[in-house]
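The structure's right below; bear with me while I get my questions together.
Chain nomenclature is as follows: A, B, C and D, assigned in order of appearance, with residue numbering initiated at 1 for each chain independently.
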Amino acid sequence: MTSVIQCHELGRYYGQVVGLNELTTELPGGVVGLVGPNGAGKSTLLRLIVGEIRPSRGWIKVLGEEPFGNRELYRRIGFCPQQDALYEDMSGYEIVRLLLRLGGFSPQESRTRAEQALERLTMTARMHDRVATYSKGMRQRIRIAQSIAHDPAFLVLDEPMSGLDPLGRREVLELLRALGQGGTHVLFSSHILYEVEHLTAEIVLIHRGRLLAKGALPEVRALLSMHPRRVELGARRARDLARALIGCEEVVSVRVGATAEAEDRLSIETRAVGPFFQRLNALAAGERFGITALRSADASLEAVFDYLIA
Amino acid sequence: MKDLTRAAWILFQAHLWRIFRTRRAWIAIALAGMPVALAAVVRVVSHFEGPPPLEVLITFTWFFLVQTIVPLVALVMASAVIAEEIEDRTITYLFTRPIPRPAILLGRWLAVALPIALVLCAAAELVVRLLEKPGDAGRELAWMPEGLHGSILLTVLMGGVVYSALFAAAGALFKRPMLIGLGYTFVYEGFLGNLPGANQKATVVYYLRSYLFSEHRSLMGDVEEAIFSVPLAEPSSAVRSLALILLGALVLGAWRFTKREYVLSA
Amino acid sequence: MSAAIIVLEGLEKRYGSIRALEGLTLELPPGPTGLLGPNGAGKSTLIKLLLGQLEPSGGRARIAGFDPTQRGQRLALRRRVGYMPESDCLIPRMNGVEIVTALGRLTGMNARDAITRAHEVLDYVGLEEARYRGLDEYSTGMKQRLKLAQALVHDPELLLLDEPTNGLDPKGRKHMLELVHDLGRAQGKSLLLCSHLLPDVERTCERVVMIDKGRIRSEGSIEELTRSEGNWVEVEVDGDLAAFQRRLGAEGFELEAIGPQRLRVLMLEPDGDRLFELAGSCGTILSELTIERSSLEDVFLEALSAGNARLQPGSSLSSPEDTEIGRSGRNGAGLEPGAPGEKP
Amino acid sequence: MKAETHLEVYRRFQGELRDDPLRFWPLTATGLRTALKQRRALLVLYLPALIVTVILCFVVYIKFTAMDALQGKKLDFEEQLVRGMVLAQAEQMLSVVNIILQFSKGMGSFALLAVTWFASGLFCEDKKAGAHQLYFARPITRLDYFLGKFLIASFFALCAMLVPLLAVCIVASVTSPEWSFLKQEWDVFLRVIAFSLLWTIVTCSLVLLASSLASRRSFALLGVFGFVMLSVPVAGLLGDFVDHDFYALALLADLDALAQHVFGKLAPDAKLAAGPAWTAVTAFLLFSWTVIGLRLRRLEVVA
């Protein structure tokens, strides 16, 4: 996977306020989720990638080229901004067609591409109405449509699902997945971690303007050795299972029945999750503990996020 | 250069008649309509026969129309050309297209300059038509000195175009173009333009005045005579200076617009 | 306060020819309830009715003991209802404490009560020293918590929260959800939570009401709605998946692959031990074993598509301020309802 | 002492929520406190007014004392010179009532300025910040909201007019020999109050109308000044060419005409008679209230 973005000591300051503080990294292709608390520098990074602002220090290369002021690069990049900004008195179709024309397409091709993009965002029925009459979800679809209409090689979206209802959210997730499978590199920022996890395992975590973590979620979780892995179990003979498990040297702690009605609940912390599962399977195969549930409790992106941002 | 003209042409087409869907256009039309309405009232109810004395015509066309309404209409419509895109943050879409940024200023300004010119010339024409009495169709505008009607229209047209370029550029240069524009029109030009002395040459209104009155010296009346002892420029040189101002404003605005990073608040 | 705080019987609301709400019959007991529905389903019309800002066009309703058909009561009921608006809203030139105090007094509190109560709710939502600062120094999270505080200042029984976690980062959302959870469960307030983030609703609410095109599509406790019929068990397998599948097939279990390492096995009664034995016998390791429950999202999408299927042609349009005619005619999301998509 | 822990995070509110008729009053009280925080603006606007008031009181004081000193008292040369000069000046001055009349006209335009500065943001800033969503979720009606804001604006107008005028009247009564001013001209107090209230209503309605129409405070400011400035030439032109009654289109002309009329001093040959001024003002008030009512109706329905 060629790296889509390379940056070296990339920094950006607004006066003393730090937007981004010395980022040196390479971001892979494919679908990547950019996460981080408010004000961590996500929007700043996206704007640097799209070349809307200039780095204060260091450099950044997107698809091998410096983005700021680089007009030709915009033929290969699609950008969906976070702000809800559109030309209120034009129609969705007119906006997408105008931006395609400015993208260098002929009038006929702009027409067909605009229709296709709006079709893909299920906006065909309302595309000729004025944007002022659109709901929040429809405005969001127009913003996404204009970013994919010219089939960019690299698509950047700043919180693409904000304001959408559940139907819209699922549609946009499916669209991004399809684009990813179709070979388009997608980088999108989002605050809704379970949606990011639902779409991709590749994440980039930024906090206070610095890169905190990068890569596939399971690997990132494994790197957090200072946080032993928590596994939750449900079993009819919870205490017997607990006694058996406390014997394994990978197990760091066992909690039984933390709350009254959770008598059959078991929560285990282990440093090496692989060997632990082997030992558990061996035990469970040997003796009937009445296991009804087995789940790793802190492998989700939310858990990793809490550990890193804490 | 070809990219610039192509992008400017596309933006010009896209935004040309769109301005009339915005509230700004209706405010501008209302402004332009005021002199016309007043002229109509004066015409219908005025108790002097025949065409009104030239002073009234000059009052309407020069003082009221060219010195106040033309800059105001240009300000209301043109100052938003870039400023609105920035404030509404729709500029992001244009910045992420493979087009030279000056094309945005040029294209959008042209799309506004044309309607401004139309609205103002229509207003000027109506005012002049209204102030001459019906009935004596034969003489029609005969009472007007040779060529005054034409030069009034041209002055209004040039004023509209040059002012709109100035205020469009102001939109790219400053944060609050409306206030800057008002300040320029009523404080800088209103004040400096009427002060005796060579400093008048630094205002657009001087060149407009030169163009309109250089051949019709007598029309300016005694009051103006005292103030503007400064010799008026030749019409051709006045037009040349106006063109220079127009180009200068657009180039400065485009240069600043390209260099400036619009850090849109998150 | 066990009685239901909201009782709607055939409540209707028409904007001219458009029927925004068509005969809503609903009882809202204390505790947190989620109000779900696509854009333009009539949610905001319902909120306006519950706030006593609109006069119902038909049907009867009792909101916090008041009857919204009479104008006087529509005003009085706002003393018992707290509203947290969705969009950004603040009173210009005032800091946090001043805003909450002013709104408290506007609800009928005297000056002293308003001040003490303002500080009380600002402590509750966790706005420590920020309460004295102007709102331009507030982060989105702090603004959302301030909006919640102003809704709580007059201690209403009913709370209407419109997208409280909108635009918040994960930490802010966690904090807001904890507050909502505590208000609904521990403080026993009746709470109507509008949100498009269904997992958030799943975590904080006990019951859900799904609305689409002005009608209630489905209603009930989340626990019942998401319980799946047959007891399918989902398993994550490390090692030779095919061998394990063959072994299960041999034992006569009905199964289905739902991902690179994930299987779905139908078991009469969920017996993990048996699965471990079978896994052990063919040398594979089970790293996850959960009883399958459909997510609230699936239930929601199914309710919508079922609603669309039963839709008679030429039915009512959705409420005017947010029409999505093009979309509402379409059958749910691309996915078939109840299809085994990955669970979030 | 029995140990107890109060860990309950959320305490219920024991007080009661009164439904008193003055529902809008908190809106005014909090609005005023916020507006009065603009120290600089208060200083810049009201200090000159204060100075003018003090000067005028002094002039009135001199006028009366000079007349009093007239009835015999031997004076040396310089004193005579000074008193002669002052007396001459006092004589030129019309009677005290005319002073007050001119002063109230001056204060009328100053009130317009003050109200425009402090009140032009009342509606549009609320709309822009979304405050209406908070207000209308409370048990207040559109009328309460309007009254609350109107009283904020009137406070600034009354401070600009009523307070200075009454001050001058009181000084006049006190310094006039044996309260003669009070005995003969007691109706001036009523006229001052009547005119101040009338003009307060006019200025506040105009500014609130602009505020309800504009999307930003600066536009509302522009709108008020624009309306007042433009109405003068328009009224002038129409008045000259068409009919004298059209002078009433200029708000400032109405100010003068109404002041003259309220003080019973309307000169017969005045350019603008009282009648058209009253009709213009009442028409304007009705127009502005209906427009404000319509604009507030759109604000009310919240979600």
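The rule is simple: a residue touches a chain if its C-beta (ideal position, glycine included) is under 8 Å from a C-beta of that chain, and two chains touch if they have at least 3 such contacts.
This structure is a prediction, so every number in the text was calculated from the model and none was measured.
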Point to revise | Chain pair, B-D or A-B, that carries the greater number of C-beta contacts | key: A-B
Check your understanding: Distance-wise, how many Å sit between the C-alpha centres of chain B and chain D, to the nearest whole number?
Key -> 39
Point to revise | Centroid distance [mean C-alpha coordinates] between chain B and chain A, Å | key: 51
Revision key, fill the gap. Here the gap between chain B and chain C, centre to centre from mean Cα coordinates and rounded to Å, is 56
Point to revise | Between chain A and chain C, centroid-to-centroid distance (C-alpha), Å | key: 23
Review point. In graph terms, nodes being chains and edges touches, is this line, ring, star, complete or other?
Key: ring
Check your understanding: Which of the chains touch, listed as pairs?
Key -> A-B, A-C, B-D, C-D
Exercise for review: Using the touch definition up top, name the residues of chain B that touch chain A in the complex.
Suggested key: 3, 7, 10-11, 14, 18, 21-22, 88-90, 92-100, 261-264, 266
Review point. So in the complex, which bits of chain B are touching chain D?
Key: 34, 38, 41-42, 45-46, 178-179
Check your understanding: Can you list the residues on chain A that touch chain B in the complex?
Key -> 14, 43, 50-54, 71-75, 77, 79, 81-83, 85-90, 94-95, 98-99, 101-104, 146
Revision key, fill the gap. Chain D contacts chain C in the complex at 9-13, 15-20, 23, 26-27, 29-30, 33-35, 37, 121, 125-126, 128-131, 133-141, 300-303
**Study point:** chain C to chain A touching residues, read off their complex
**Key:** 36-40, 139-141, 166-174, 196-199, 238, 270, 272-273, 276-277, 279-281, 285-291, 297, 300-301, 304, 322-327, 329-330, 332-335, 342, 344
